[in-house]
Every structure is written in structure tokens, then in C-alpha cells.
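Note that the chains take the letters A, B, C and D in the order they are written out, and that residue 1 is the start of every chain.
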Amino acid sequence: MQTLSPLPQYLTKRYHGWKATSYAENSSWFRRLANEGQRPRAMVISCCDSRVHVTSIFGADSGEFFIHRNIANLVPPYAPDGLQHGTSAAIEYAVQALKVAHLIVVGHTRCGGVAGCHAMCSGAAPELEEKTSFVGRWMDILRPGYDRVKDLPAEDQVAALEREAVLVSIENLMTFPFVRAAVESGELSLHALVNDIAEGTLLQAEEGGRRWVQI
Amino acid sequence: MQTLSPLPQYLTKRYHGWKATSYAENSSWFRRLANEGQRPRAMVISCCDSRVHVTSIFGADSGEFFIHRNIANLVPPYAPDGLQHGTSAAIEYAVQALKVAHLIVVGHTRCGGVAGCHAMCSGAAPELEEKTSFVGRWMDILRPGYDRVKDLPAEDQVAALEREAVLVSIENLMTFPFVRAAVESGELSLHALVNDIAEGTLLQAEEGGRRWVQI
Amino acid sequence: MQTLSPLPQYLTKRYHGWKATSYAENSSWFRRLANEGQRPRAMVISCCDSRVHVTSIFGADSGEFFIHRNIANLVPPYAPDGLQHGTSAAIEYAVQALKVAHLIVVGHTRCGGVAGCHAMCSGAAPELEEKTSFVGRWMDILRPGYDRVKDLPAEDQVAALEREAVLVSIENLMTFPFVRAAVESGELSLHALVNDIAEGTLLQAEEGGRRWVQI
Amino acid sequence: MQTLSPLPQYLTKRYHGWKATSYAENSSWFRRLANEGQRPRAMVISCCDSRVHVTSIFGADSGEFFIHRNIANLVPPYAPDGLQHGTSAAIEYAVQALKVAHLIVVGHTRCGGVAGCHAMCSGAAPELEEKTSFVGRWMDILRPGYDRVKDLPAEDQVAALEREAVLVSIENLMTFPFVRAAVESGELSLHALVNDIAEGTLLQAEEGGRRWVQI
């Protein structure tokens, strides 16, 4: 593997700065977290997008959130077929092993993945339909959402699909037997949010997703 | 969907605090990032573990890192089989659409996923071998790493496997034709790190992973 | 032009070292920045003084800061008179073309330009009053600041004038219609700092400059 | 002045990191530099562009370079007219007060200012011809350079104009009596460079600018 490169120097410098300040000031907490194991209160599923920072938005410190990030914050349906499902593995670990109390799906505006899904489903991006397109196949998860927004005025569809990316994920979460059981027994609560990355607002789904209200 | 709950109040309060301070102070930057699109310099693949905060460690702000987080920071091999591959979709989007310059895999010590893989491969966790175990099937990705550490002294195996979780991912990354092409043309560099979450140190792989050096 | 000399060898050597290390490790990022254009987040106005390194202080890498450096980090008032205004051109380019989100004026202690201005205004440096003194005419921009500090105890005046060099610049920035409009619409924020070059501390102006607080 | 904002938090954090590491390790040097005054070996004139980092390229530490940065690294002709000339003030201070041994003008490829000048002079950017355009009036300094490149093949003109931005500045430097005197007495040497920001190469002007050679 001659493919590895040393870390860019500016990151090395910043890391040394973090080590000498944030780490040094909190080393006892970091050591305790390491020795006693994590015990996060919530799992967050959000997008890989560089503009979405749930730890900042919620002032979360090390140890608080178990965070899975993928393209468009999607959860696939329950499929115990023996194949690799990274998102399902993260959910299983959070709910079964860590027993998180909350599971929060955070969508966001201007999502490239959602825009791609809209283009694909409306026929504008045939390359995403190809079998070899990982993004296309991943965004297939959101097709049921597209069917629910396709009759809206054209200018409203993408924003509606961003919300569907959260609602479809919540629906799919409930197909996992251990998620459903934990929700029904009151051990786990599900939360659906969309972050407007320009205005910094947070919309929360109410009434099963029929209304979105700014919190 | 009567399954949705309102956000816990402590998170709502922290969000309002963030909105009135960090957002307000940077609203011009957030709006600009929203309007002009993200242009992250690097993709980071790290673990969902609540104790791993790469944005803190590297002093990164909104817009800098495109971040995929899954159990044990794993990358599966290239498999354009038309099935859903969330990790591969994130890598495809980062390298092909966003054209990130760096791809950094950040492992960490005390990783529950790696410990589970070690238990599974050494016969101590038969439940993870079941077809229905999402965590088990996901950790199958790391089996080639287990084969390389199983003859080490028992007390060294898990730590070695944590490093293998990064090295196997780097190897698998190179099986993606578009990753290999970008690395070979000098448009993308790969970086392999392990974060000791107790001591706050960062180890970097050198010589193709034969040596790990504290930076 | 027989006036050109080859670069001193110690600089050539250091350059070759940089090229083989920092550049080589980051060539993908440099090429991407070159091809896609810069998109700096902030403009920094600081002094030419060799002891002021804002990129180090803020861990900034290539592409982050658009930096104008002049004697005493001064901004003249808005004067669209058709004459050459290098500082105004830099501000216009940063705000109008690059649409930076932040404009940070960084003053510093032990500033030779500020000391010269104090000497000139207090009658101790008549040579700076001459029409042919470029430094003197440039420091005229700071005369309104001198008027605000001249009644302080003598030993406090120069330090106060160093802060005035930042505050006068902020005041003058607000006389540029496009700066004022961007600030008022929330697209641009202004920041006033003084760097103590001996102690490495950073003072930030609060309450419109009536207080300076160590950050 | 209700216009001031607090520094974005990510910069505050990075600053604290710098203070605890780079500053702490070098505090004796910083204090000595502060107490004894700067004694830089060279003045550098370079562009404000965020992609041009002469201190990195030349491995320069605090105290080494007196740096003036403006749009397109331009020096106007000597004009002791009693008006404000920020660039001329910086040159006067460096040569007369600090007695630097080298004065290095560093141009660069993909310069937005040079591209704007080319557009203006070729009739493609009438808005830059307006009296109120600070960028346009500043780029007037480079008009003599445009006259020398305008008969080249169209695709070569901008790159040639980037080099002219350095050569015109060197010519104008020699119109300053104190610069000419210092050069002729051997106390000051002038250097003309262009940095290719994509490839990291440095071109040096030889034979009075008739040839540019990679160093």
C-alpha cells in the first residue's frame, strides 16, 4: 500500500492545538468515557453534507450522541437477508446494545442527494438509473417519497422531498422489529427534523408528518 | 404515524441558544454556503461512536469536511451489484461529484464494533454469526483484518484489529475504480489515522500500515 | 532592466523543500483550488509587520483567508475619486466579487506605523509631516484616532492609538456603501482584534470599541 | 458602532490551540521580537489571493518577511503628491526604516485582478472603466503591461499579463529614488517571481524579464 499520504500539515497543527487545549481541559472526562464505555442518550441519523453539524446545533459534547451519517439521512427498510447493511447495523447497535432513549432523524435543505433523487425519478438524470450508480441505488430508498410529492407544483417538489427523506426513514425505522418494540414499550422515542441550512431554523414533524412546525 | 415525539426540551433549549449565538454570528457564512453549495476539502470516514469528534480534533467548521460515519469506520469492497451500499454511495458522491482532495479514515480505540468482530471471529459471539445480525454481517468486512492479527499475543489482538479496520478500509477504497484513478492521477490523497480516545493521541499509518506513528 | 537578481539560495532551498513536502502532500487540493477558483470565507486586514501571522494564529490553510496587509492595518474613508486606492480595491473585490462572510481587522502592539503616527501628531516627527513622506500621508488616516487618545496619560496613548487604528478602520469601512449594505443585510460581519505580539494574546473590541476583552 | 460582531467560535478555538502550542513553544522568541523590534531580511509584495502563501512557500517564521499584499501585487509609480499611497508607504517603511536587503515581488497564476485588467483593457468589462470602480482604477497601474501583451495569441495574453504585473511593479519600484539608490549601492536586491498555484512551481524572471525560468 504505497497509497497512504501523511496528513496535511495544517490539520496536524490544528490537532496539536486541540490536544493542548480542549483535550487537556477535559482529559479526565475523555479517560472516564474511554474506560467506562460510551452511554449516549440519543442516536442521530443525518446527512454527510459538510454544512450539517448536529453536534453544534445541539451543543453536544463527547459521549452524548451516537451519530450515523449517510447520503440524505436515509434508513432502508428492514431486510435481514444476510447482506451488508451499514445503516441497519448502526441502528441495531444503538437500539439493542446501547439502548439509546431517542432516535433523531435530521434532514436538511439544499440536499444534493435529494436533488439527485428528484432528478432521477423525474427522468432528468438517466445516469443515476444505472445499476453501477451507488448514489442512484441508494436514493432508490426515497422513491416512495417521490411518489407522494410528484403532483405538487414543480417549485415545491424538492423541498417536499427533503421532508419525505425524513418521513420515509421514520417509516422504515418502524419496520425494524426491535425499533417498533422499543417505541411501543416507551423505551425509545422517534423524532423527525429538517434543518434549513441557510436560515439556521429547525422544522419538526407533527401529526405524523402532515405538519412541519418551526421549533 | 403516531410514532413521532416532540424533541426533548433540553435539546430545544440548546438549539435556541445555538441559533441566538453561533448561528447569529455566522449567518452570513451559513447563507453563503447554502446558496453557493458546499465545497468540502476532505471526506472523513469515522465511527458512529459518541466519543469520536473529528470536527473538534481538527478545528473544522461548517463546510470543511464531508463526513460519513458508520460502525467501525468500514469501507466495503467495490460491488456494483445494483444493491444498496450507503458507504459506497457516500464515497462516490464525495470523489465524483464534490471532488474532495483528501479522504481520511479515522479509526479509534475501544471500538465496540471492532471488539464485536474480534469476539465473533474468535468464536466467542455466535449470535453475531447469525444471518439476521446486521452488526455481524457489517463486521464481516473486517474478517480479512482478523486473519492478520489472530496469531498475535491475545492481549494485542483487539488493538491491532482497530488498526486493521482502517487499513482494510483503505485497501477496499482502492478497489473502487474512481478512487484508484483519482489517487493515481494525484487528485486525491488517502490518509489512515487511529484516535486513542482516552489519551487524545492520533496515530498515523506509515509505510503502507506497517508502522503507526504518533503525530 | 539589469536590476533583477536571482533569489537568495537559502530561499530557493526552502522553496524546494516546501515543494517536495507540503505541496506534494496537498497537490490535489492546490490543483482543485486553482481550477475552481478561490472561495475564501473571510477577508483579513492586518499590518505588514513581520511579527503578525494571522494564518498561523487561526490555523488557516490555502484558500481560507483573503488577506490585505498594509502599514498599520488601515482602511481609508470611501473616496470614489477615480484615483488609485489599493486598500479600497481589495475591499471591493472581497465584498463584491468574492462575497466574503467576515471582514476581520487585526491590529497589533508595538506597531511602528502607529508609533510614527503618534510622534507625528504630537509634534515629535516633523519629517513625517512633509508632503513627500508616504508613511506620513498614509498615517493621516489615523489622525481622528489621535484626537481621541491625546488627553490620556502619556504612557497609555500609543497602546490606545493601536486600538484606534482598528476602530478608525472599522468606522471607515462603514462609509463604503457596499460594506454598509452587506453588514445591514446580514451578509457580512465585521470583527475588530488587536494581537499582543509579545504575549500572544488577542483582544477583541466589544460594545462598539468601548471595551477590549481578551478572548 | 453597533456593527461589531464577536469572532466566529471555530476561529476562537483554533486561536486558543495556537496559543497553547506554537506560541507557548516560541514565547521567548516572540517576546524578544516584540522587545527588540522587527528586523526582517526581506520585503515581499504579493497578492491578497487566498491561494498565495509566501510564508509557507519560503518556510518563513515570525520576523523574517515584511509583507505587503494588495490586488495583483502591484506597485504604482513614484508620486509624491501628498495623497494616500498605501503601497508606497509600505515600500518606504521597508527600505528606509527597516533597511530590508531583498524586495521580492511574487505574482501568481489565475489572478482575478489580472483577469479583470485584461477584460477591461480589451473592452470586455466596461464597468471596470467607471470612475467609481476601485478595482478598475487600481488595475490601471497594469495598463502599460497590457500594451505589451495585446498582440500575442489570445490564449497567451492573460498568462503574459500575470508576468507583466510583476515586471511593471519592478519598473515602478525603480522610479522611487530611495529604491533606485539602494539598488545601485548594492544595499537592496530586487526579485521577480510568479507562482503557479496549481503546480506549485516558481518562475523567476531573468534577463530583465525577457526569460522566465523555473527554479
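We take it that a contact is a pair of C-beta atoms (placed from the backbone, for glycine too) under 8 Å apart; a residue touches a chain by one contact, two chains touch by 3 or more.
Since the structure is predicted, the reported quantities are computational estimates derived from the model, not experimental observations.
Looking at which of A-B and A-C shares more C-beta pairs in contact, the answer is the pair A-B. In summary, the interface at B-D recurs among the listed pairs A-C, B-C or A-D; the equivalent pair, sharing over half of its contacts by residue number, is A-C.
Inter-chain spacing, taken between the CA centroids of chain A and chain C, is 41 Å. As a whole-number value, the distance joining the C-alpha centres of chain A and chain B reads 14 Å. For chain A, the set of residues touching two or more other chains reads 5-6, 8, 13-14, 17-18, 22, 24. Every residue of chain A that touches chain D in the complex is listed here, in rising order: 13-14, 16-18, 20-22, 24.
Interface residues of chain D facing chain C in the complex, by the touch rule stated above, are 1-8, 11-12, 14-15, 17-19, 22-23, 27, 30-31, 33-35, 37-38, 40, 43, 48-51, 53, 55-60, 62-71, 74, 76, 80-94, 97, 102, 104, 109-110, 112-113, 131-135, 137-141, 167, 170-171, 174, 183, 189-193, 197-202, 204-206, 208-209, 215. Residues 5-6, 8-10, 13-14, 17 of chain A touch chain C in their complex.
Every residue of chain C that touches chain B in the complex is listed here, in rising order: 25-29, 31-32, 36, 39, 41, 59, 63, 99, 101-102, 182, 186-189.
Taken together, the chain C residues at the contact with chain A in this complex read 22, 25-26, 29, 59-61.
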